[in-house]
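We just call them A, B and C in the order they show up, numbering each chain from 1.
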Amino acid sequence: MVDFDLRSANARLRAGHPLIQCITNTVVQQFSANVLLAVGASPAMLDHEADAGQFAGIANGVLINFGTASNHQLLAADAAIDVAAAAGKPWVLDPVSVGAVDFRTSRIRRAAADRPTAIRGNASEIAALAGVGLGGRGVDSTDEVDAVLPAAVQLARTTGAIVAVSGPRDAVVAHIDGTDHVAHIDGGHEFMPLVIGTGCSLGAVTVAYLAGAGKGTAGPDSDVSVPAAAASADPGATASARFEAVVAAHAHFAVAGELAAAGAQGPGSYSVSFLDALHAVTGDQLAQARVSHRTLTADEGVQA
Amino acid sequence: MVDFDLRSANARLRAGHPLIQCITNTVVQQFSANVLLAVGASPAMLDHEADAGQFAGIANGVLINFGTASNHQLLAADAAIDVAAAAGKPWVLDPVSVGAVDFRTSRIRRAAADRPTAIRGNASEIAALAGVGLGGRGVDSTDEVDAVLPAAVQLARTTGAIVAVSGPRDAVVAHIDGTDHVAHIDGGHEFMPLVIGTGCSLGAVTVAYLAGAGKGTAGPDSDVSVPAAAASADPGATASARFEAVVAAHAHFAVAGELAAAGAQGPGSYSVSFLDALHAVTGDQLAQARVSHRTLTADEGVQA
Amino acid sequence: MVDFDLRSANARLRAGHPLIQCITNTVVQQFSANVLLAVGASPAMLDHEADAGQFAGIANGVLINFGTASNHQLLAADAAIDVAAAAGKPWVLDPVSVGAVDFRTSRIRRAAADRPTAIRGNASEIAALAGVGLGGRGVDSTDEVDAVLPAAVQLARTTGAIVAVSGPRDAVVAHIDGTDHVAHIDGGHEFMPLVIGTGCSLGAVTVAYLAGAGKGTAGPDSDVSVPAAAASADPGATASARFEAVVAAHAHFAVAGELAAAGAQGPGSYSVSFLDALHAVTGDQLAQARVSHRTLTADEGVQA
């Protein structure tokens, strides 16, 4: 059984201050950068094809999200993925709107075949990427999280990625040593889907947590003196450590998403409170996040 | 005489949850997406030339705004316009900064010639697009709304579009069965022009209201089970229905713009309150919006 | 000795309502536009290579920031710089992430060689641009402001630019008639670096203040009737006037940054309050900003 130490995962993130390269859509760049800053990471949105690979060598992890990708971002992503993969750095694929239109779907499938460390999407997107379901319409999810668990398991097995499905109740699936695991994370708020970028920025925070996966438990300030470049995920970070990191990112969002409701009078003020809450969340609060996990039976992991 | 039923227009929008494709400038993408979510629509900013046409076949309407258009957006817009027009879906042109510089002006004139369902701009832009006035400088309007009524009428006649002029007092002009109509909408707040994207996002909301134009009055939940693709505007939506939809979008903004003033201490907090207010506006409030309309005499519709 | 009249500098900005062309990164376009609106300027983010030069002929000043520059922005910047320089209009270079990766560094060095009116960056970036230090990692500064004073002085001497270094305490360096000057500006808040775009938008505001440099002191409404195009900086604006303008921009941010702390509960609400404060800052408050200045000895201006 996997045990999650979310408090330590958060301590490693805050101590490591990882530099996260986001090749992501222009709609959510500002929000994603603010989210990364709020949780203690450092964002960089460099996406020029001539620079992106070299920058991936400096960054501690890479997010790939083709929401508004034009050709330079597609080329930049290829370069950054190659460098990150070769260096054993984590990179996360957000398959936004996969299945909706052909060119985009083709590019996302190519990226998925490059063995991302994690894949994070909504139910429609995970289903479409696994080859089932009707695909998304933009960033709007029409399927339910649990209905796509078999698709998520299949994707985890075939790509080697930790697969996260976002929704009112998040699910994170991992295939570890021949066994399928799922963690469920409850939290958030009904206003969350009305704030553009809450899903996309969760992908960025997932990279940030993965950048600390496989490190020893951070004592106070223990990692502060570590150079940025050394804070990358250990290539040998175990699948369990990566699973924990992805769950920690989702728990951070779920807890902050609940805290943000206090005082929010609509989606505008909720968005502001959410950034405040992401910054304020403590290790104690994370340790009390509503997270459950279990192994899946063979039946659950097979699509009907 | 045209009668507006703004309550029903809003009910159709909220029930139909239309998917709006925005090929729009990167400055306002985030705000426009949040605005669309707040009013009950679903945004998608796909703007790759290889995808945009296909996506327009899925979306319920398209916004075209060349504020920061680079070549891929210009090509994407051509493709999306062709598909939307062929399918009888509404598309709205925001002629931002037309007249300021030559290349942009040329591209906007080409789009205007493609018979948009509606055109929404500030006074300077409407004047410039009609071939009068000095054009805008960025998104800043230097002319007055009523001074450009003749230009708006001319534009409505020649393009077939409903023409909306944004300002302290909005004007919406329609040429219906040989008669020129104008509606005036009062509301908003002095902080509104200090929030970037309030004009551009109004264009997006105009598409969202147009997506429901020509449908029957929605009873409770009546359209909830309608597939997204079927929620497009009826190609045969009457000019009156389109006129009503554009007025409804402006009334929604005007009412929310007034409500947002409560508690706003400057343009930053106003922006937040405005999103909250857009979400909170009720059909009752819309029905009481300060909207007036009348037909124009031949003299009013002719430029001096 | 240089004397700063920050009250008059602000009065000129508010009266002149300058139109600022920003060729800047997509992460901060929305925030930068809102910041410009809050201080009384008018933003325009046109960045198409076919338009940018022509628009620079209309604008009152230009900001160049290659944070996410793709090829069209790089070409647009070259065109806008050429026009602005030929017309004696101010333009500011933000060398974001210079030194981090080669292609970007090369492009920024080319721009720096085109004699910008001012250069604004964090300590790492100023050091890297001057050819010392390790360069930045994204927009995150790892060096201290005072440690790079010699680099800033060298840069001011070789480029002719006013050089501003942003940090917890800002420094602005000018080389005037053979003497090196430095001004220090205290203010801001610990949340400021957690809001993406506070640095980048300061570059935009620096252009806005420079657009009024060298004008006579504005009395009440004295410049209101001046056409926008005539509000450009006098080509003959003295180096002292440009120095004052850059200091005024930094003082405006420093004062607003302190005011914004009231009521801010985290980086999200701080960002909102900051926009409100930028708008609310008065000439009186600016006149009381914590600004000091002195001439540098020969020793201070030489790198160890």
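Basically, a contact is a pair of C-beta atoms (placed from the backbone, for glycine too) under 8 Å apart; a residue touches a chain by one contact, two chains touch by 3 or more.
Bear in mind that the values here come from a model prediction, so they are computed numbers and not experimental data.
Peer 1: Tell me the shape of the graph of touching chains, choosing from line, ring, star, complete and other.
Peer 2: Basically all the chains touch each other, so complete.
Peer 1: If I list every residue number at the interface of subunit A and subunit C, are over half of them used by both copies, so same, or under half, so different?
Peer 2: Interface between subunit A and subunit C is built from largely different residues.
Peer 1: Would you mind pulling out the distance in Å between where the CA atoms of subunit A average out and where those of subunit C do?
Peer 2: 35
Peer 1: When you check subunit C against every other chain, which residues touch at least two of them?
Peer 2: Residues 26, 30, 70, 271-272 of subunit C each touch two or more of the other chains.
Peer 1: Tell me, which parts of subunit B touch subunit A in their complex?
Peer 2: Its residues touching subunit A are 19, 26, 29-30, 33-34, 37-38, 42-48, 50-51, 54-55, 58, 70, 72, 228, 271-277, 279-280.
Peer 1: Considering only the defined contacts, which subunit C positions touch subunit A in the complex?
Peer 2: Residues in contact with subunit A: 25-28, 30-31, 67-71, 97, 100-104, 137-140, 193-197, 265-269, 271-272.
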